[in-house]
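Next up: the structures, one after another.
Both of the next two complexes hold chain A, though its partner changes from chain B to chain C.
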Partner chain A sequence: MLLREPTRLLGGAVLLLFVTPLLAGLFGTVLPAFGLLPGLAETEGFTQLFNDSRFWPSVKLTLQTGLIATALVFLLTTLCLVCVQRTRIWRWVLASLPPLLAVPHAALAVGLLFLIAPSGWIARLFSPWLTDWDRPPTAWVVPDAEGVSLIIGLVVKEFPFLLLAAIAQLPSLHVDASLAIGRTLGYSPARCWSRLILPQLYSRIRFTLLIILAFNLSVVDMALLLGPGNPPTFAVFLMTLVSDPDSRAAASAGALTLALGVFIVFAGLFLIERLMSFWSQQRRANGHRGAGLKLFRAFGQWVISSVLLFSVFALIMLILWSVAWRWRFPSALPQQWSTAQWLTKSNTLFDPLLLTLCIASATALLAMIAAVIWLELERLQRVPKLNSVWFVPLLVPQVTLLFGWQAIALLLGIDGHWLTVVYSHWVYALPYVILILAIAWREHDPNWHHAANTLGGGYFRVLSKVHMPMLVKPLSQAAAVAVAVSVAQYLPTLLLGAGRYQTLAIELVTSFGGVDRRVIAALALLQSLVPLLAFLAALIVPWLVLKPRAALWQR
Partner chain B sequence: MATLRISALTMKLPNGQPLCSDLSFEVSAGEVLALTGPSGSGKSTILAWLTGTLHPAIRTTGKAYLDDQELTHLPTERRRLGLMLQQDYLFPHMTVGQNLLFGLPAGSKSERWKQVCKSLEAAGLNGLENRDPITLSGGQRARVSLLRTLLSNPEALLLDEPFSRLDSDRRSKIREFTWCSAATLPILLVTHDSSDIPSGARTVSLLEQIA
Partner chain C sequence: MRIQNLFTLAKPALSAAFTLALAAATSAQAVEPDSEWNAVLEEARGQTVYFNAWGGSDRINDYLQWAAERVEADYGVTLEHVKVGDIAEVVGQLEAAKSVGRNENGNVDLMWVNGENFASMKRKALTWGPFADHLEHSDKVQDSPSIKNDFSVPVEGLESPWGGAQLVFIYDTEVTQTPPQSAAELMDYVKSGGRFTYPAPPAFHGTTLVKQFLHELTDNQAALAQPVDQATFGDVTKPLWAYLDALHPMLRGDGKSWPTNAESTRQMLDDGEVDIALSFNPNEATAAVRGGQLPDSVRTYVFENGTIGNTHFVTIPWNAKAKAGAMIVANFLLSPDAQARKANPEFWGDPTVLNLDSVNDEQRKAFNDIDLGVWALPIGSRAVLPEPHASWAEALETEWIERYGN
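Entry: the complex of A and B
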């Protein structure tokens, strides 16, 4: 019998496919941590973990880099909204967000290294005419022991993410009207933001902030490229443990400790929120209007422009290095240009590219199918809204879940299979796809369906000919985001692929340091180009589909 | 007692379409001047220009004065113009009392609170100071919004269709309340509904002005 409508059974299958690896990740991490997984870990791992001399230094470094980076991301977002919104720079900020969000962490980290290293472009720009340096200076190193380079990398990458989340909320907060009312009541723009808009905005971007915080405390690929080696960050330290069969239990114990640490930090953030909320409520209506502080606004605009320019120049570095032949310090531009590395290293570059494209396409397709099934069932009121469930993978450190998945995959003998790799990418892409599509799906007027049904259209015909074409824009955006998420996945590919899948992310991180800079730049550039092209396609596809129907294109 | 004066105001949209040309008028204290015209004729844009919140893409020439002080180059917060919009925009994260305190100038906490309670009582809203604005009726919200504006001691009042979202019964009551509460101020009222205009008020039609 043909399926006439999606059934609850399909929804159950989607949910089961999503929840199973989460539970497997939990058990696969908890059991070895306590020595309860025979064949993999037969003694408890906490003692070995806590006795390791790298434990406390790595915890300290992780807290230092993760907390400072998250605080800076939040401050920069606030500064951008207060000082840049409604200025001429604002449209440049908006234009720069999509490409910066699309670039994977590892690729951006490489670009930043080319920019801030002693032999990087910033030092070259001022040498030798201002600094007298005709060799790279030794005053600093990248990566540095304090994790400053890592903090810079995390801030530059995560700031656009939080800013975008905040911008998406501004229309529903009636920002322009609130500013107009507040200012005609005599308050300075900064006071209007701090007393009227930010208290309302914060609760709406809190979730994104938590995702960023969890990420900053547990990131691996960026920490491998920009973080110090001794001690490394805690997540990187755990990676060294997991690759040693004698330390498997300690690695799992560490993964649990990391998850616990992240949740303690979340609790700390909630406490700070309460204190800040109490403090701001006391001051909110005290009548002090504040000064205009034009200087503060100018400073804010300068800071935001600098941060965004920094990111843009990091990307330009990838392009320059990928076509440079001779580029000695202190020249600001290559002395000789060449595309030779693109031709001679085609195996190193294009095999990973092809593999990345295959995995990303499969991930995007499967994530879109699952998201549409779930949202349709939600629209038909056959399944509940499960927002909090979809976001679990984003709030739990990747290391914690993936160590567990890897353990279970090893036991079941499915590690190293390409389906396992795609499955792991799917689990990380689906939350973003659902998040993007849910807004459009839930706002879509059901009367379109009813009208099409009364004209004789069956369920699938209405879905494919009416509903989905009307939502082609969010569908294209969601697919592009799924591709971007998949292209950036380093840890799932490494751990579940058993080292057999040399995607761009894997090739970039593993060959960093040992391979020619120019090839590294080319790899990073390719890794950035795939999601950028996906986002470009997300602009073009709706235009092609809706070209004859201008009204829909405007939506 | 202030006088609000607009002199030779010309406004053009970014595509060059004129919104008004060489517009001049004066509103004295205690007087209501109604700016009328159909939707899109630029009534609200004039108020945005007066308050200094106009989008920079709209080109304008002309000057605005409050008595002899030119407003055009002052930041919004120093123009001393009270503004009420179509929606009341009571801040949802503050109680009714806090919304009113937000309008009041800084000062002694107890004195300010007394003033809030007194103004609520005068408006027939006593006992609502600790209520969440969302629990108020449309008419109550409109009155609280006007009180908040008046408590900031503006020198003139700008009203951008503040009655249009109210039903007809509440509408006439709020209109009366507004004219009485702000009786000593120059009031510039933007509306496309002639029943909102009090008897004896002067009217400037933007449609005629452009024609």
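Entry: the complex of A and C
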């Protein structure tokens, strides 16, 4: 019989495909941690882990970098809302966010290295005329042992993410009205924000903040590029353990410890929230109106512009290095230019590019199909809304799940298979795709369906001719995000691909430091361009689809 | 090429789904290490060889790309370079595969190893063979102790030699007029403001430099040729740790932040962040100058009393899927053609393992015509010190990490 509508069975399949790896990951990590996986890990791992001399130093470093970076991301976001919103540069900030979000972590990290190193571009710009440096200064190194470079990288990358999440919530908070009321009551604008708007906003961006916190505590690729090596961050330390068969149990125990640690930090955050809400109630009640702080606003605008410019200049570094031949300290621009990297290294550059594109398109396509199936079933009220389930992969540290997947894949003999790699990317892309599409799907007026059905359209005809074209904007955006997520995946590609899938992310991180810097810059540039172009396409495609349906376009 | 692979892999996968992947791949494996060469050639045709080799140098990557094109054209073998950061990780994967009983259809067909990694593979029976002495070109290999023994561990045909290497130093004559000639002079050099650092062990070059220091500083050099004896390890290495304790605070990054590999020290030399770069390739500087990665003013040298040198090899894991193809590739890498290209700094610049008396005149000319340039290590300055026994690497690395790694 021909399928007339998506059935509950199909929804069950989507959910099963999504949940299975999460459970498998858990088993594949828990069993070896306790020495219960014959063949792979036969000893109990926690003792070995806790006795390793790198354990405590790396935990300390991870907490230090992860917490400071997250706190700074939050501060910058509030600073930006208070100081920059409704100023001249606000428009620029808004325009810069999507592209900055699209740039993968690893590529941004490489660009930042070229920027902040002692021999980097910032030092070059001011040398020797101002600094008197004929040779690079020795006062600092990048990456540094304290993790400052890593914190900079995390902040620059994650700040746009939280800011965008916050901006998305502003309309529903009626900011202008709150400001007007607050001002009428004599509060300064900053106080209107801190007393009236931020407490409401916080509860709405808290989930994004948790995702960022989990990410900052467990990131691997950026920590490999910008983080210290001796000791490394905890997640990177676990990576060295997992590749040593005698330490598989310890690595799994560490992955569980990391997950547990992240949840303890979450709990700590909830505690701080309680304190803050108590404190802010007190502050609201005390009636202080505060003075307008022009200087503070100027400072805030300066800080926000600098942070965003860091990202932009990091990208410019990639472009410049990819076409440089000789470029020594302290020249501000390359002394000799060359396109040799692009022309003669085409294998090094374009094979990974093609592979990345293939995997990203497969991932995006499969994620879109799964998401549409699920949301349609949700609309038809055949499946429940499962918002929190989709978040799970984003809140559990990647190493925790992946060590488990890798163990299971080894046992089943499916590691090194390209479907396994795409599957793992799909699990990480689907949450974003569903979350983006869910908003559009749930807001979609059911009357369109009724009208189309009345006109005699069957289910698939209405879906493809009416429903999907009307939602082409969110659909294109979701596809672009899926591409961006896939392009950035380092750990899943590495651990499940048995090293065989040399995507741009893999190529960039594994060969960094060894391969020609100019080629590294070109690789990082390509890795940034793919998601950027995907986002550009997400702007153009809706226009092309909707142009013949002019009435819809104007809606 | 990789993309084509993707699609050829996709077909059976879609039809057979995941679980069948195991069953689908059990094809008859006929070739033995000592099979007739023609049988090897025949079975290899159409095979894909996954060659796990360090991927941190684009010149080496390009060289392997060239080798892939040649074996495809000449033997119908598809060579895929699987780039790895540290081959020890691959040894670990193989060990994991062995313990779950995956004795066929392994992910690795050929790998680039030497020293402690080979020793550990041999000890754990992760190699296949002895195949090396049955390769067509094996009769042209030099008859030298460092090829018969890999870090004092007898090779016994379980790996095939690929190239020679020696620890060398590259410096910029515009910055440094008289580079340090020993561990002791290096200490004075950094004391007077010289900029230096080295890759943190277990990075290969870092471990080798530590071995070099140990060789110079210890009172008991004879112990180094023997397996590590825990009872005397402390005594033998005591002067080394005293030296490093004093050296580290004066290094770039104050001994708290380290480069991850030798290539980064070359980049730091170009950036001016250090004065001396490390390499295991006597001709690296020539290639780097010609490739626009180092200034014209750099030169290469070794310490007065010599530096540690060794040979690197390729080996075939016991569970390799394409053993015949792997033998073909190993053999091709030994061919005078491939070795001459490897010895040329334009492509790689690694000293050959072939005995040049055993190749024909035309082939010898290819070696003799190589222009090493003024930047490379001058011929004749190569006092090569032997590698300590393979067990020293891990013992030194563990102790180093314990002392300085956190």
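Just so it is clear, the second predicted complex is superposed on the first by the 550 of 555 C-alpha atoms of A that agree within 3 Å, B and C clash if a C-alpha of one lies under 4 Å from a C-alpha of the other, contacts with A are read in each partner's own complex, and residues count from 1 in each chain.
The working rule: a residue touches a chain if its C-beta (ideal position, glycine included) is under 8 Å from a C-beta of that chain, and two chains touch if they have at least 3 such contacts.
For clarity, every value in this text was computed on a predicted model and none was experimentally measured.
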Side-by-side fit of chain B and chain C on chain A, or clash = fit
Just chain B (first), just chain C (second), both, or neither: which does A:180 touch?
-> first
So after the superposition, what angle do chain B and chain C open up at chain A's Cα centre, nearest 10 degrees?
-> 160
Based on the superposed arrangement, let me know which partner A:188 touches: chain B (first), chain C (second), both, or neither?
-> first
Report for A:200: first if it touches chain B alone, second if chain C alone, otherwise both or neither.
-> first
Scan A:289 for contacts with chain B and chain C and give back first, second, both or neither.
-> first
Chain C versus chain B, contacts on chain A by residue | C
First (chain B), second (chain C), both or neither: which does A:457 touch?
-> neither
Check whether A:231 is in contact with chain B, with chain C, with both or with neither, and answer first, second, both or neither.
-> second
Once you lay one complex on the other using chain A, what is the shortest C-alpha distance from chain B to chain C, in Å?
-> 48
Chain A residues where the chain B and chain C footprints coincide none
Would you pull the chain A residues touching chain B in the complex into a rising list?
-> 88, 174, 176-181, 183-189, 195-196, 199-200, 284-289, 292
Residue numbers on chain C that touch chain A, as the complex places them | 1-3, 6, 9-10, 13, 18-19, 21-22, 50, 52, 55-58, 61-62, 65, 80, 82-86, 88-90, 92-93, 95-97, 99-102, 105, 107, 175, 195, 200, 252-254, 256-261, 263-264, 267, 270-273, 291-293, 295, 401-402, 404-406
Could you please specify the touching residues of chain A with respect to chain C in the complex?
-> 39-40, 53-54, 57-58, 117-119, 135-136, 138, 141, 143-145, 228-231, 243-245, 248, 325-326, 328-329, 336, 338, 340, 345, 347-348, 351, 354-355, 358, 410-420, 498-500, 502, 507, 510-511, 513-519
So in the complex, which bits of chain B are touching chain A?
-> 48, 51-53, 56, 75-83, 85, 87, 89, 91-94, 98-99, 101-107, 109, 112, 148-149, 152, 154, 158
